[in-house]
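Next come two complexes built around subunit A: one with subunit B, the other with subunit C.
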Partner chain A sequence: MIAFLCKKLLRFATLLIALCVLSFWLVSYSPLDPIQAYVGADMTRVSLEQREAIAEYWGLNKPPVERFLHWGSALVQGDMGTSMIFRRPVADVIGERFMASLALMSMAWLFSGILGFVLGAIAGMKQDTWVDRLMKWYCFTLASTPTFWLGMLMVIVFAVWLGWFPVGLGVPAGVLAEQVTLADRLYHLILPALTLSILGVANVALHTRQKLVDILASDYVLFARARGEKGFLLFWRHGLRNVAIPAITIQFASFSELIGGTVLAEQVFSYPGLGQATVQAGLRSDLPLLLGIVICSALFVFIGNLVADIIYRLVDPRIRKGESA
Partner chain B sequence: MTTQSGETPLLEVQDLCVSFVQYTSCLRQSTLQVINNLSVSIYPGEIVAVVGSSGSGKSLLAHAVLGILPGNASFSGVISYDGQALSPKRQAELRGREIALIPQSVNYLDPLMRVGKQVQTSVHAGNPRSRQREVFERYQLSPDVDKLFPFQLSGGMARRVLVSTALVSGARLVIADEPTPGLDDAAVAETLDYFRDLADQGCGVMLITHDIEAALKIADRIAVFYAGSTVEIAPVQDFAGEGEALRHPYTKALWRALPQNGFEPMPGSQPLPHELPAGCVFQPRCRQATSECSTERPAMRTVREGMVRCIHAT
Partner chain C sequence: MNRRQKTLITTVCAALLLIGVIASALLIGDEWIATNFEIKNEPPSLAHPFGTDWLGRDMLARTVKGLSVSIGVGVIAATASAVIALILGMLAATMGKAVDNAISWLIDLLLGVPHLVALILISFTLGGGLKGVVVGIALTHWPSLARVIRAEVMQLRSAEYVLISRKLGKSRWWIASRHILPHMIPQLLVGFVLLFPHAILHEASISFLGLGLSPHQPAIGIILSESMRYLTSGMWWLAFFPGISLLMIVRAFDILGENLRKLTDPHSAHQ
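Then we have the complex of A and B:
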C-alpha cells in the first residue's frame, strides 16, 4: 500500500510539472495581454513608455523561460502570485471560491451518486421491463442535455415562473456579509446543485445498470439461482457488493466532469464559485489566477482518482489479498 | 443396483425438448431445438451419468430440471420429481432445497463473499454456521478456509467447497455439471468419491460429463447423449469386453474408441442442432443403417434391462 501511494505521488509530481510547463507555454503564446488586464479600460491613456515601465515592473519583458522559472520557483514556495482582477493573492481567491464550489459540488456529487446507483440497480434487476426502458430513456435524454441549457430551464421554471428559488448569486443581494445565514446560503445552493445532480445521475445509473446486468448473467448468479435465491435476496447477497465497487469508482473518477459541469452551472446561476472565477480569469486575461485554477483543478481531479483507486484496494479482496500474498 | 422397477424414481424426465429463439438476421426469428425427446430417470441412492461430447447441450438438461434456463429458451416435456410433475412454481420451491446443483468450477462462487458464508447461505434447516462447519470438517477443510475468498482456494479445496454447498442443503437430488474437466487422475478419483458418498447417503446423483471413463468408475447407469437426445441408457456392467452387451451402435463405437479397448476412431462428427438428419440422428454415421433408419426417428424402447433408441437393437 505504501509503495502504491509513493508511486502515485511520484506520478502526480511529474503530471504537475508537465501541466505547469504546458499551460505556461500555451498562455505565453495566447493573445491575452497581461498589461491590458492590469490597466483595464484606461488602456488608451497609457503611453508606450508607461507600458514598458509596467512590463519592466512585472518582468514581462524578460524571455518566457526566465519568466517560467521565476513563476515556478515562487509556486514551489507556495506563492501563486497576485490576481490582477481581484488585486489579492491567487491562493486567497481560489481558497474562498473553492469553498463555495465545494459545497455545490459535494451536494451534487452525493445526490447524483446515491440516486444514480439506486436507479441503475432497479433498472438492472428489472432488465427489459418498462421500468428499465423508462430509466434508460431518461438517462439517454439527460446524457445528451447540455448543462447550461438545463440550468436555464431550471431558472425559468423554478425561479422566474414559480418563484420558489432565487434567480442567482450565492447569497442574497443587498445584505451585509455578517448577516448572511447558513440557511440563506443553502437556499441559493439548491437550484444549481439540483441542475448538476440531475445531469450527474445519467452516468452512474447507466454504468450501474450495465454492470448489474453483466453480474446477473454471470456463473455465480446462475449458481445462486440454482440454490433457490431470487429477487431482493439475490441482489443483496451477490449484486450489491459486486456492483458497488465499480459504481463508487466511477463516482470518484467523475470529479473532472463535475468541475466541467460546475463551470457552466455557476455561470448560468451567477454563483460565485471557482467555475465563475475561471471564466472571469479567462475573459479578463488574469493569467496568474487562470494558472492557479488549472493547477488546483488538476489536484482535485487527481485526488478523486486516487481515492477511487484506494477504495478499490480496500473493498476488493482480490486486490487487497493478492498484494499481501 | 440396476433399474428398480416398482419404486418411484426421484427424478423422471420424459420427452424433454429445449429450444432457443434466435435472431438470424435483423428481424428474422428462428427456433433452434437443442435438446429433443430426452428421457432419463434417477432413483434414490443411484448415480446416473449423462455422457456426451462437449457442446451437445448437456448442461441445459441440468438447467431445465432446476428451472433456470435463460429467458429466450422454452421447453416441453414432463419433468417429475418424486412422482409429481414439476411446474415452474414447484421448481422454484425445490431449487436449492430438494434439488442441488454442483457447478464445475470456482467461477460459480461469488468472488467477493467468503466461502464459509456462501456455503451457509445454502443451509435450509438448522444452524447454518454449525452445519457448514460440520460439513467442512468432514471434507478436511480447516476453520481458516471459512474466511477465504474463492480466488484463494486451491483446486482441491474449491471442489470440496462446491460439493459442500450440495451436502449442507440437504437436497435429495444432486446434479453435478461437468465436475471433472482438467483434473488429474487422483483429483478425479477424489471428486468421484464425494458423489459416491452422496449417493450412499440416499441421494440421487445425476453426473453430467463428457468423461466416459470417469462415469464408468462410479455410475450405476449410463445415459448416452447424442445430438440433443439420449440414444441409450445402460447399466454400467454392460460396458465390458468388446461391448457386446451394449445396445446402440453409437455407444459401442464410443466404448471401442477408448484407448484400452482398441482406440478405434469413429468417422464423421456429431451433427449441429440446426442440421439434424431426417430419421435417426446417428444414421449418417451408422454402419448398420438401412433405408428405414432415414425415414422415421426411432422411439425409446426397452431392450434387456436398458433403453435404446435404435430399431435394429436387440
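Then we have the complex of A and C:
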C-alpha cells in the first residue's frame, strides 16, 4: 500500500512539473498582450514609457525562461504571484473562490452520487423492463445535454416563470457582506447545484446498472434465486456491496467533469466561484491566476483519483489479496 | 423485424437528420437572417417556428446555420483527434515498452487537467477563435480512442495470422499496413463518430464562455450566450430551441456511433 502510494505520488510529481512547464510555455506564447489586457480601453492614452514601466512592474520585460525560473521558484515556496485583475495574491483569490465552488461542487457531487446510485440500482434490478429503458434513455439524453443550456432552462423555469429562486449570484444583491446569512448562500446555491446534479447522475447510474446486471447474471445469484431470494432482499445481500465500490470509485474519479460542469454553471448563474475566475482570467489575460487555477485543478483531480484508488484497495478485499499474492 | 434491422433504421434516420441540417444550412441564404425590426422579439408562430430575436432575425434559420458551423468545427476537430489517437495508439502498441510508458504518461498528463480548463488554456494560447477551438479539442479528446486502439493492436499482434506473416519474413511495415490497419478502420470510424458529440459539446461550451468562436461566426454557443441577456425578460424561445436542436444533433451522432459499433461488432451480428 505504501509502495503504491509512493509510486502514485512520484508519478504525479513528474506530471505536475511537466504541467507547470507546459502551461507556462503555452501562455507565454499567447498573442494576447497581457499589458493591453491589463490597461484595457485606455491603451491609446498609455505612452511607451508607461508601457515599459507596467511591463517591468509585472516582470514581463524579461525573457520567458527567466520569467519561468522566477515564477517556478516562487511557486515552490507556495507563492503563486499576484492576480492582475483582482490585484491580490493568486493563492488568496483561488482559496476564496475555491471555497465558494467547493460548496457548490460538494452539494452537486453528493446529490448526483446518491440519486445516480439509486436510479442505477433500480434499473439494474428491473433489467429490460420499461423502468430500465426509461432510465437508460434519460441517462443517454443527459450525456448529450449541454450543461449551460440546462442551467439556462433552470433559470427560465424556476427563476423567471415561477420566481422561486434568484436568477444568479452567490449572495443577495444590495446587502452588506456581514448581513448575508448561511440561508441566503444556500438559497442561491440550490439552482446551480441542482443543474449539476441532474447532469452528474448519468455516469454513476449507467455504471451501477451495468455492474448490477453483471452480478445478477452470476452463479451465486442464480443459486440465491433458486433458494427463493428475490427483490430487495436479494439486492441487499448480494448486490449492494458489489455495486457500491465501483459507484463510489467512479464518483471520486469524476472530479474532472465536475470542475468542467462547475465552470459552465457558474457562468450561467454568475456564481462567484473558481469557474468564473477561470473564465475571467482567460478573457482578461490574467496569466498568474490562469496558471494557478490550472495547477490547482490538476491537484484537485489527482486527489480525487487517488482517493478512488485507495478506496478501491481498502474496501475491496479481493484486490488486496491479489496484491500480496 | 429483428434487432439488426431496427438498428439499421435508426442509423439511417440519425444520418438523414444530420445531412438534412447541413443541406438546409447550405440552402439558407443570408436574406433569411436579415434584420427586420418590424417583427423583433416575436414568440414562436407558424411563420417563425422558433420565434425571432431582438433584431427581428428568424431563430430557426439562425439555429440551422449555427448548427452547421458547430458540425463543421466538430468534423475538423474530431478528425484531427482521431488521427492523433491512431498514430499514438499504434506507436504505443508496437514501439516497445518505453514508448508505451511515455504515451501513457502523456495520457495521464492530459486527463489530469479538467477538459474545460485545458481548453481554456489552449484557446487562450492561440488567441481564441476557430483555430483555438479546433486545436484545443483535437489535443484534448484523443486519449480514450488511443487507449482503445492500443488495446486492439496489442491483441492483433499476437493473432496467429500476424505471427505467421512475421515468420514468413514480412516486414513490420507490410504487417502494419496489410494486417493491422485494415482491422483498425471500423474501430477508427466508430471512435471518430463517438468523439463527435464531445467535440461539439465542448465547442459550444467554450464558445458560450466567450473564449471560442468569435461573434461573427454564429455558432450555437454564441447564439446561446447572446440569449443569456434576454432570459430575465422572459424570451425563453431564444434559448430553448437552439439548445434542444443542439441536444438532438449530439444525440443523433451518439446513436449513429453506438449503432455503427453494434453493426461492425461480430459478437452482435446475429441478433
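The rule is simple: the second predicted complex is superposed on the first by the 318 of 325 C-alpha atoms of A that agree within 3 Å, B and C clash if a C-alpha of one lies under 4 Å from a C-alpha of the other, contacts with A are read in each partner's own complex, and residues count from 1 in each chain.
Throughout what follows, a contact is a pair of C-beta atoms (placed from the backbone, for glycine too) under 8 Å apart; a residue touches a chain by one contact, two chains touch by 3 or more.
Here the structure is a predicted model, which means the values were calculated and not measured.
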_Partner touching more residues of subunit A, whether subunit B or subunit C_ = C
*Could you look at A:Ala143 and tell me whether it touches subunit B, subunit C, both or neither (first, second, both, neither)?*
second
*Given the touch rule stated above, what does A:Asp219 touch, subunit B (first), subunit C (second), both, or neither?*
first
*In the superposed arrangement, which partner chain does A:Lys230 touch: subunit B (first), subunit C (second), both, or neither?*
first
*asked:* Just checking: does A:Arg241 make contact with subunit B only, subunit C only, both, or neither of them? Give me first, second, both or neither.
replied: first
*Partner chain in contact with A:Pro89 - subunit B first, subunit C second, else both or neither*: neither
*asked:* According to the stated criteria, A:Val294 is in contact with first (subunit B), second (subunit C), both, or neither; which is it?
replied: second
*Just which bits of subunit A does subunit B share with subunit C as contact spots?*
none
*State the interface residues of subunit B toward subunit A in the complex, per the touch definition above.*
66, 68, 92, 95-97, 100-101, 103, 105, 107-113, 121-122, 149, 151-152, 165, 169
*Under the touch definition given earlier, write down the residues of subunit A that touch subunit C in their complex.*
11-12, 14-15, 18-19, 22-23, 26-27, 29-32, 140-141, 143-149, 152-153, 155-156, 159-161, 167, 255-257, 259-260, 263-264, 267-268, 278-279, 282-283, 285, 290, 293-294, 297-298, 301-302
_For the subunit A and subunit B complex, residues of the former touching the latter_ = 219-220, 222-230, 237-238, 241-242, 245, 316-318, 321-322, 325
*Across the complex, what residues on subunit C touch subunit A?*
105, 108-109, 111-118, 120-128, 197, 201, 204-205, 208-211, 224, 227-228, 231-232, 234, 236, 239-240, 243, 246-247, 250-251, 254
